[in-house]
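Look at the two complexes coming up: chain A is in both, with chain B in one and chain C in the other.
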Partner chain A sequence: MTVEKLKNELNLKAVCLADPEREIEGGYVGDLLSWVMGKAQSGNVWITIMSNMNIIAVASLTDVACIVLAEGVQLDENVVNTAKLKEINVLQSDKSAFDLAAEISDLI
Partner chain B sequence: MNRYYYDFHIHSCLSPCADNDMTPNNIAAVATLAGVNVMALTDHNTSKNCPAFFQAAKKHGIIPVAGMELTTAEDIHVVCLFEELEDAMAFDEYVDSRRIKIKNKVDVFGQQLIMDGEDNVIGQEDYFLSNATQITIDNARQEVERFGGVAYPAHVDREANGIIATLGVFPQEYGFNCAEFYNENKIEEYCEKYENLKDKRILVSSDAHFIWGIQDKRGYFDVEDEPYSSEKVRKEIFRILRTVVDG
Partner chain C sequence: MSEILNFHYEVDGTDFTSAGQSSVSVKKELRRLGLPAEIIRQVSIAMYEGEINMVIHAHGGVADINLYEDKIEIILEDHGPGIKDIDLAMQEGYSTAKENIRSLGFGAGMGLPNMKKYTDEMYIDSVVGVGTKVRMIVNIPG
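Here is the complex of A and B:
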């Protein structure tokens, strides 16, 4: 499953779709970035409500396939710009992290 | 020049999670026993017990500092200290307008008592104090400085509400000049692991929520205090806190 297909299947909003063809393998849910840095795997979908700039750094470091922002969390313009610059896929949904994880788990 | 031991992170009975025995006079009295000379009261998202703490501290010979432990929008705890009580109270009013107000559940979280200088209960805060405010970590320092204060991340060595656990690093770009540790034995390990801590002024404080949590004197400042006045000592300590450390 690619990031673009995931976006279309779940009707997610594309905040930054830098690499739509990226393949997804598994997922991780978490907001404490020290945990995400240690636990998220390359290719994961990472679901979070954290909107701080450092999510882009952590996504880059862990090489996750995409960030999915839950609960309608909005990013500041400079965070979106950094995501574009670093080519990090960022999707967004109004759903909770629980619902998103359940739906993504069914799909992949 | 004289040595002043400090503890800049203490909770009173106004913090929901703190013991009701943490009255202004009990805190000041125990601080004296612990050998602490300068103490800041830093309740969660409020400074409303600072006026009482100032009165109590003076009775017990402690130099008081008005403060607050701010919870940012990201759930990161930031210690905010003010040279003047009035500035802390003005900041308190501002934070009140940026809080997310949820009714406190006394049976779950505990009471939030406001006291006078004689430890009489003169009021209580109805809304839960410790939850996240709408002030973000990237704005916290500027907001505190706008009111004449100093701000720095609290207990960076802790998982719960520490900036490193939450953001994964100690960010340089927010311009914090100091960092607080809860456990002084972790300072070396953290400074080696997190490059950005190297040029920070490292402070240790007890984050006491109970009387027995107030730790014996640890951190200190050597202060030019002649001719002595508590004002002068406080002013000098704030000057040190604002001074950038050479990396």
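Here is the complex of A and C:
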């Protein structure tokens, strides 16, 4: 499944859709960035409530397919701009990380 | 053996949110050189963790990436407070990071363990009150 398809299926908000055709393989849920870097795999959906600038670097380095911000978390404008610059897909939802993980797991 | 390429970075210790610029830049360079994706991931994550450590604990430092035919060497050097007990620091979950750092999602005590996990060799040379030098090697499969 592509990131764009995931967005459409779950009605997620596109904060930054830099690479809509990126294929998703599995997922990871977590807010402690070193845990994410130790565990998330390339191509994963990464669900988090963390919103500071460092998530963009972590997403880039781990090569996840997209970040999904849970619980209606918002990004500052400069973080959104960096996501665009680094071509990192960022989606957003009002749902909890638990609900998002369950729904994404059913889909992929 | 002589190196093929060297990348040198000054890691700014004053701006936590810009930490990671060197690692992302290295990732880009290694991708441009056509190295395997998993090797790039290992090198850039290990370097990022080291970079974050230098910003959190040591007011920044310098990073050198040396690319050889069969391996990539990452050398991180700072003039921070040094590590009192390296064995303890290597334990997952052990951290001396302050609360403000934890609120940003770091300081979980996974930095050094991740650096070890993603590299084939890691050496830490640290003197309290003088600084820390970390040398890591990632082998490139032949």
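Criterion: the second predicted complex is superposed on the first by the 108 of 108 C-alpha atoms of A that agree within 3 Å, B and C clash if a C-alpha of one lies under 4 Å from a C-alpha of the other, contacts with A are read in each partner's own complex, and residues count from 1 in each chain.
By our rule, a contact is a pair of C-beta atoms (placed from the backbone, for glycine too) under 8 Å apart; a residue touches a chain by one contact, two chains touch by 3 or more.
In this text, all values refer to a predicted model and were calculated from it rather than measured experimentally.
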item	value
Touched partner set for A:K86, first chain B, second chain C, both or neither	second
Partner chain in contact with A:S42 - chain B first, chain C second, else both or neither	second
Partner chain in contact with A:S34 - chain B first, chain C second, else both or neither	both
Touched partner set for A:M50, first chain B, second chain C, both or neither	both
Per-residue contact with chain A, leading partner among chain C and chain B	C
Which superposed partner A:S60 touches (first chain B, second chain C, both, neither)	second
Common ground on chain A, meaning residues reached by chain C in one complex and by chain B in the other	31-35, 37, 50, 52-54, 57-58
Chain C - residues contacting chain A, complex	16-21, 23-24, 27, 37-38, 41, 44-45, 48-49, 104-106, 108-111, 113-114, 117
Residues of chain B defined as touching chain A within the complex	74, 136-138, 159, 164-169, 171
Footprint of chain B on chain A - complex, ascending	31-37, 50, 52-54, 57-58
Chain C-touching residues of chain A, taken from the complex the two chains share	31-35, 37-38, 42, 50, 52-55, 57-58, 60-63, 86
